[in-house]
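Read from first to last, the chains carry the letters A, B and C; within each, the first residue is number 1.
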Amino acid sequence: MRVLPRVTPRISQAIAFALLWMAALMVILPVTALLVVMFVKGRGSLSWSLVTSTEAGGLLAPIVGTTALVTLTAVIVAPVGVAAAIYLSEYARAGRLVRLIRLAIVNLAGVPSVVYGLFGLALFVMLLHFGRCLLAGACTMALLVLPLVITAAEEALRQVPRRLREASFALGATRWQTVRRVVLPNALPGIITGLILSVGRAAGETAPILFTAAFYSLTDPFPKSLFDPIEVLSYRLFVIATEVPRIEEGEKWATAAVLVALVLGLNALAVIARARLRRARRW
Amino acid sequence: MSESNTDRPIEQPEGEIKIETRGLNLFYDAFRALTDINVAIPARQITALIGPSGCGKSSFLRCLNRMNDLIDDARVEGDVLLDGGSIYEDDTDVAQLRKRVGMVFQTPNPFPMSIYDNVAYGPRLHGFGGRDSLGEVVEKSLRGAALWDEVKDNLRKSALDLSGGQQQRLSIARVLAVGPDVLLMDEPCSALDPTATFRIEELMLELMERYTIVIVTHNMYQASRVSQHTGFFLLGELIEYGSTVGIFENPKDQRTDDYVRGRFG
Amino acid sequence: MVKQRAQRGWEWLIERAIQVAGAVAIIFVLMIFVFLLRDALPVFKATTARELLAGKDWLPTAEPPRFGFLPLVLGSLYVTIGALALAMPLGLACAAFISEVAPRWMKEVLKPGVEVLATVPSVVFGFLGLLLVGPWLADVLNLPVGLFAALGSLMLAFMAMPTIVSVSEDAIRSVPAALRENSLALGATQWQTIWRVVLPAARSGIIAGVLLGVGRAIGETMTVLMVTGNAAVIPEGLKGLLRPVRTLTATIAGEMGETVVGSPHYHALFAMGLILFLIAFLTNTIADAAIRRSGRLGR
């Protein structure tokens, strides 16, 4: 009688590890390959004149609009997010309220982006009569990145060593004075990093601004006030990919490449800023 | 002793030798954790390794079942023989080796599963058939570890609910279930209270009939209570090795004398 | 004296503001819920809950309009389940690989690599699916159009994987090293240790990772809007995966711009938003509880 070769633990380990290797490659490689193809296809049409052009397909208006949107988003979200983080890290005592706040933050982070769009439409555009505009879009976007900012800022605040706070209290400083003069300055690098990351996220989102801010215009693409609609890179990419047939194929790829480069660039900036600022700090 | 290929003499205990090390050196990166260890460990007896913390006794223990393989920059020179065969051959099956040389750690670490599954873990790994016989192995192992009477009605309970002393005896049962010849114990009582320690020591004396036991301990009374042989480590060297009575009552080396009399350590 | 008192007052004000800001997350979650509810409820003037949830036709502009969510809910389920079937095993395997198997240099490439992939905007995935992957798959599978449910699943899987990888990797890494040592000391191979000890011990955290992945996939909008073909028909069987479908998110995104504010159609879209909000709320709350539980075990 022939004895079947028994699958020894060593062999099954070899098989399992090979599968894990493949899985890791499957997570990384296809998307990386797609992005490489995108950059290669976009490179031909990518030029300084495309980026600075206001003609149909030119990217100046969406770049200006995106910049305005994410800047305003950061300006709106920073004070609220940092204040909430200060509360959580410096004032709150562990208890039911804090647990509830954390659950709310997790949930806020999980609300689908298109639902933020609906909320922005109902509150900012309709109820507050902003109309479809830069301000309404930035408010909506600020809400979307709020949990990110709170979490990052709280993390940064908590990393400030307790002895610095104690030293300040020992000198007779009040809690707010300690926060303002000792904790915040030391946490600033981390807070800024968090803000840049959220700006990167905002730069790539589309659904929240669909009904609150974005438009596609050939005649009057630049916003003159907070209450004008804006062109946004992500929205432009959506429109030229699905609705406007006459844009040259290469320009579509170039638009996608510019958007991805912008988002990855902002993230890289955050990583660099974190490394730089961390090195400058000594404790 | 004449066949030993190194210059340092080793005291050869009488009877069957289970484990022998030859010129064993251990490096962590550039740091030399063990220097030229030559020792012969007798079968079915208890050998205690003592010495101040950081002296290399635990590192030595971990050479005997190749747990040091898990540390990235650890490197072993020299050789360890188990029943006369090297365990550092290129084709040594490390899993099989660890099946023969079981290890009980400093703190009990039950897996987050039931008592039964903890004990059955090893047999299942090594391809144990038949449900009945698995149950028998579990019972035998738990009896062997003197835990059976306390847990026989709650085998499905989570092992995390046991007390510290029970968890450590469960760790021992888990090792016994694999069917080793050697038990390595790395300060097995350091996390336990005196009563639990006493039970484990009793258990060790029972287990000695069938297993070769090597125990690392920082507790000299424990070493003198349970072991027949004792090795004294200092700064990565085996200073003295011999019968426990000899080491504690009539040490040959001044440093050993100082240590067992509590002058340092 | 006066100056000091003014300062105290100022400080008092700031500290109250900070306290209010602390609760801002709770306030906004409630506000989102209330506003969705406020604009969703009027839909019942035009239809019934029964038709809404069980109606088989989504024809909001027909005369009379039909507001059946069923095809859209099923569309969302199809796309999401397909995405998870891909992303869950791959993401989990990738996480196990990164934390347990990969050599150190590879870990240092893979971890940031996965994080970078997580930042690629969803509209870009939609774009790549629409112009590159869709046509290619249609060619290979011999399909009439390059827009179908499985394509949405595929692109969504790419998006959800980084989330699943990073959360489960955290969970796996927090399994105490002593458990691994004990298992190896019993003669287990590394793989046996991963499969029988590490993964079960990391269970709660892994479940959380998967749930967050589910939440991300079901709420994802731009990708599915661009690649699933947007046909509001009830998908059937496995074949349905290769036909166009339409999800809840895509319906909202695609139609909100063209409806009359205050019309039944408008309110129906808000009702979908409410459903999505509730699904997200449920998955996130459960995931949060699971993470908390795994934190306790990892102590």
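In this section, contacts are C-beta pairs under 8 Å (C-beta built on N, C-alpha and C of every residue); 3 or more make two chains touch, one makes a residue touch a chain.
Quick caveat, the model's predicted, so the values are computed rather than measured.
> Should the pattern of chain-chain touching be classed as line, ring, star, complete or other?
Here the contact pattern is complete, since every chain touches every other one.
> In terms of CA centroid distance, which chain is the most far removed from chain C?
B
> B-C versus A-C: which has more C-beta pairs touching?
When B-C is set beside A-C, the one with more contacts is A-C.
> Whose C-alpha centre lies nearest the centre of all protein C-alpha atoms?
Ranked by how close its C-alpha centre lies to the overall one, first comes C.
> Chain A to chain B: how many Å between their CA centres?
From the centre of chain A to the centre of chain B is 53 Å.
> Rounded to a whole Å, what is the gap between the Cα centroids of chain A and chain C?
16
> Nearest whole angstrom, what separates the Cα centre of chain B from the Cα centre of chain C?
Those two chain centres are 50 Å apart.
> Quick one: which residues in chain C touch 2 or more of the other chains?
188-189, 192
> For chain B, jot down the residues that touch at least 2 other chains.
Each of 95, 125-126 in chain B touches at least two other chains.
> By the touch rule stated above, which residues of chain A touch at least two different other chains?
Where chain A meets two or more other chains at a single residue, that happens at 9-10.
> Under the stated contact criterion, what part of chain C meets chain A in this complex?
11, 14-15, 17-19, 21-26, 28-29, 31-32, 35-36, 38-39, 89-91, 93-94, 96-98, 101-102, 110, 113-114, 116-117, 119-124, 126-128, 130-133, 158, 161-162, 165, 188-192, 194-195, 212, 215-216, 218-222, 226, 249, 252-253, 256-257, 261, 269-270, 273, 276-277, 280-281, 283-285, 287-288
> Name, in rising order, each residue of chain B that touches chain C in their complex.
Going by the criterion above, the answer is residues 65, 67, 70, 72, 95-99, 102-103, 105, 107, 109, 111-113, 121-122, 124-126, 171, 174-175, 178.
> Spell out the part of chain B that touches chain A in their complex, as residue ranges.
For this pair, the touching residues of chain B are 93, 95, 125-127.
> Which part of chain A faces chain B closely enough to touch in the complex?
Its residues touching chain B are 6, 9-10.
> For the complex, which residues does chain A have touching chain C?
Its residues touching chain C are 9-10, 12-13, 16-17, 19-21, 23-24, 26-28, 30-32, 34-35, 37-38, 80, 83-84, 86-88, 91-92, 97, 100-119, 121-123, 126, 143, 146-147, 150, 174-177, 200-201, 203-207, 210-211, 234-235, 237-238, 241-242, 252-253, 256, 259-260, 263-264, 267.
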